[in-house]
Amino acid sequence: MTTVHVIGAAGYAGAQLAALVDAHPHFTLGQVTARADAGKRIADVAPEYRIDAVLQEFDLDGVAAGDFAAVCYPHAEAAAVVSELVDRGVRVVDVSADHRLTDPAAYPQWYGFEHPRPDLLAEAVYGLPEINRQAIGSARIVANPGCYPTASLLALLPMKGRITDIVIDAKSGVSGAGKTPSPDVHYCSVADSVRAYKVLNHRHTPEIAQQMGADAVFTPHLVPVDRGLLASAYARFTGDAPTQAELTKAYVDFYDGHPFVEVVESPPGMHAVQHNNFAQVCPMVDQASGRLIAFGVIDNLMKGAAGQAVQNLNLMAGRPETEGLL
Amino acid sequence: MTTVHVIGAAGYAGAQLAALVDAHPHFTLGQVTARADAGKRIADVAPEYRIDAVLQEFDLDGVAAGDFAAVCYPHAEAAAVVSELVDRGVRVVDVSADHRLTDPAAYPQWYGFEHPRPDLLAEAVYGLPEINRQAIGSARIVANPGCYPTASLLALLPMKGRITDIVIDAKSGVSGAGKTPSPDVHYCSVADSVRAYKVLNHRHTPEIAQQMGADAVFTPHLVPVDRGLLASAYARFTGDAPTQAELTKAYVDFYDGHPFVEVVESPPGMHAVQHNNFAQVCPMVDQASGRLIAFGVIDNLMKGAAGQAVQNLNLMAGRPETEGLL
Amino acid sequence: MTTVHVIGAAGYAGAQLAALVDAHPHFTLGQVTARADAGKRIADVAPEYRIDAVLQEFDLDGVAAGDFAAVCYPHAEAAAVVSELVDRGVRVVDVSADHRLTDPAAYPQWYGFEHPRPDLLAEAVYGLPEINRQAIGSARIVANPGCYPTASLLALLPMKGRITDIVIDAKSGVSGAGKTPSPDVHYCSVADSVRAYKVLNHRHTPEIAQQMGADAVFTPHLVPVDRGLLASAYARFTGDAPTQAELTKAYVDFYDGHPFVEVVESPPGMHAVQHNNFAQVCPMVDQASGRLIAFGVIDNLMKGAAGQAVQNLNLMAGRPETEGLL
Amino acid sequence: MTTVHVIGAAGYAGAQLAALVDAHPHFTLGQVTARADAGKRIADVAPEYRIDAVLQEFDLDGVAAGDFAAVCYPHAEAAAVVSELVDRGVRVVDVSADHRLTDPAAYPQWYGFEHPRPDLLAEAVYGLPEINRQAIGSARIVANPGCYPTASLLALLPMKGRITDIVIDAKSGVSGAGKTPSPDVHYCSVADSVRAYKVLNHRHTPEIAQQMGADAVFTPHLVPVDRGLLASAYARFTGDAPTQAELTKAYVDFYDGHPFVEVVESPPGMHAVQHNNFAQVCPMVDQASGRLIAFGVIDNLMKGAAGQAVQNLNLMAGRPETEGLL
């Protein structure tokens, strides 16, 4: 059994992650920490998971070399803890954004803070197993992808290098906005409506561009859904457009051997991926305009956060990629 | 034209009320006030109403004898303003709970404050036009009923004095909980769920009992709906149960001449009353158990708050009861 | 491994049941049947379950003595199949209503058909494990309870014999209405509304009365929720009302050793029981009126149908009660 | 007073239109017709509108030259009725798609039928008042725009001729799919999900292209909303991108004098346009990529159907454009 500490378990992603670790046949919960909620039973914060443990304050002295940790702090706050943990010999999945961008200069620009450890930034592996499985397996730090990038990249990566003029119109459930009450997540604001937000300046934009090796217009929308994230992506083929059969085959081949990505023929809704770690992608070709239209859908808390973190932990620990996730 | 001041217009009920007054053919908006939001345009706080005015701080010197006012402050904060306004010669609809209960001792017990003006409490008319139309017409202070009491009372009043063992199971949309963000009104808390709250101690309980002249078990539930409130009421006939035809006739007769109450034959949903001032009531008799089952449904912000306030203002101003409401 | 046939797997409950059997460590899927949808892959009918099998027409010759079956046909259609299966030596959980009422005369009255096998009716065990665990273990036919009775009975049974004047106000998610399209389940009919239906004549009424040994007023409501069912139950204690502590203890004791019932202190919402087989019950006492107010909440497709069926199959097969359900 | 016949009033758009005509100060309801629902009271089909009339079968002999009519039949069925009405001297708003495309060859291709009256197709005016106010005023036939084209065109038209590579990602509420029950509009299918449909082949595609004078990739999505339609549009400026100030000014100027289009600064949600005839558009410029991102939001039954039809009827009848719509 391997000990996994969950640092920051009071939010939606952290609690889901603690639940997955708790139920995992090979992992055992170490510290399950919170800041404002320290001292509460997890079952009071997230009763649906029935985890029998108390949220504690993070105690660096209570971790041991060889342990694993997943850090679910907000961006700008995770970096310091990750740094401490790694220096102790703990292998870490950083669920925050603090190790996703390789360029240190991107942090002041997009996240408003100077990154404290550019060396770890350089070392961190981007934790999308469908492209980095090998490197994740031996990484000390895995940067767990953002929810929007996960859905968008899974929809587009098989055509990486063959497309340009990328436009991503994404629709996210409200749990993606986090648990903190605000006017924007009030039921009466969200229900019966859809709206775009952070147009042209959402922080997942450079993360997508970095992985695609190409700029993308990225526009997130909030939809009246609890969990679920759909990315509808549009791009122009730089060369001749493939036939639909060629396109489908390229996707099927690309995801061959990747257990959590399903290539589907009809535009996917959210129900088949909610509460599990699957992604569904659906590529379509518009011969008339020479365009790709590709859909990617995930549960933003599972494949978009906690599930993917466990997938990464499995790879890091040499366990089957799907363990504890099916 | 009569000037109507709307005191406390930043919340859901206050903004709806300002919109109704703004569009009313006989009323003209006087002061439209807020505290935290003073200085903002109403259109920024409640864009759906397109009211061209700025929220100001309440200015007692800006009101004149003969004006009307509707006070939408929270309970315990409305009483002082109402008192000041009435002393100036302004006739007031108090949309808060501060003048609904006739017994001053009920305020410390249920609302946690000593009522500052028991004399006004004694004078205030309970603003349910279906039973107090005449008195409302000449009142200085009208206590606008609570949303739950409105739906419950309309469902039960035609049988007042003939029933006992009253149980009211009510379901309210989230706007009834107000605009302030909290974990309880977070979209992810409310969506896909129904739950009871404040069991046995909701503040509308004594208000219902006072009007029915009988105790009632009252259990409110929060439902994933924006606007709308359904009260399902159960009671035992003290004498012989009427036939269904007799029961229906009693309700039709009771509401004859009351333009906003519709007696319907099937249990009503919320769609026919949303965004308007109608109530629908549906009485049914269970001959086997000698019970009344009666449903009452309203829009909690209209017949349950702002719409009813305008209905009361119409009566106070000698205008047609439905003016500005159809 | 024990073979379990799922007869009628195209609907919501049947597909959920097939998924639970498919993932069960001790059960293996036998025939998975449908009528209109025979020939389709289950994954096309219910993609969220990822069951790799084809819906077939029911083939009596393909079942063997010693097999188990769960029948999810509509009422009036299940009885004949159950009869055939039992005569073959198959032990059956009837998820339909066709073996729930012990009095044959209740079937023409409530369900509109003459029961073909009163002998099997007499033999069938009511499949609520919390009261019939032993008998279920050796039964040939288990009548799986209705969704409303499950939530209502779990909320009330600990006080059976001590209460009267029972009123149950229940709120069900839309999956309880089944998969067949109709105006009543159109999104635009259901969303933003709550309404009662089948007042005084819902077929779960006699089932509740039979188990409680007392009549109950039962009023179901449709709420804008996918899965989830809340029963809010009100009753009068025939003797002195217990204290809250006594009441809670009585419930805790009653459900001691029953792994799927959680006695909770606050009125439960639906989130903690969705997609699992747990029920939460919350009993409260109103000393003023001498009344019990008790809430019971379940997932109508799990503890209210398919999950409870697997719980029953576990008991019948001598397996741990929670196997395949946690 | 002018008589307006509403042909096909049993659906969502038709009933809304009948309600608007019924409440209009200058129009009076003529025939209000239905086919399957003929003989029913409108209040039974659409109780929220409280229209006191009976749905009748269409009677050509009951219309008179000089009357107006709005036809809300499904496409391919409206053309014949429109033809009969116009030949009688009735001026018609065709709410169906049957007169929107100017090229007769588009009808077999996109709608699957041969258009019976290419002469009327040539004569019909596209009923988007913001570009065709004058022509609508004197038209015999006005082709009421589709809901998706209305939101998309209002978002893009001010840049017509200056943009290329148009991608429209649209999100529609379920009432846009019509009232007929089907698996796709079952509450349990729609709730908690978003999905694209009719990718690359939705019938509103050529309508948008025709008005923009440019091809567009158009992808509609179904969202868990009753009423409301958001078009998020992306395009590349063919010349230099304007500044944000220039862009905003161009939109404000374009819609100057058009009472139902509001140019807003933040991406609009649906609440401010639901149940009214307003559209909100929000243009933004992405200097980095030289792109326009523009949002248009409407109520699909109001500005997207019935409200716009009344706006057109007002213009045809020489009434103020906003009459009966504010």
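Labels A, B, C and D are assigned to the chains in the order they are written; within every chain, residues are numbered from 1.
Keep in mind that, in the parts below, a residue touches a chain if its C-beta (ideal position, glycine included) is under 8 Å from a C-beta of that chain, and two chains touch if they have at least 3 such contacts.
Bear in mind the structure is a predicted one, so any value in this text is a computation, not a measurement.
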- Note on the structure: Most remote chain w.r.t. Chain D, using mean C-alpha positions, is C
- Pick from A-B, C-D or A-C: which interface has over half of its contact pairs in common with B-D? A-C
- Note on the structure: Expressed in whole Å, how far the mean CA point of chain C lies from that of chain D is 46
- Note on the structure: Taking each chain's centre as the mean of its CA atoms, chain B sits from chain C at a distance in Å of 39
- Note on the structure: Touching at least 2 other chains, the residues of chain C are 189, 191-192, 224, 226, 271, 274
- Touch list for chain D against partner chain B, complex: 47-48, 191-192, 271-272, 274-275
- Message: Give the list of chain C residues in touch with chain D in this complex.
- Response: 12, 174-175, 179, 181-183, 185-192, 224, 226
- Residues on chain A engaged by chain D in the complex (per definition of touch): 165, 167, 169, 171, 189, 192-197, 199-200, 215, 217, 219, 221, 223-228, 230, 232, 234, 236, 267-271, 274, 284, 286, 288-289, 291, 293, 295
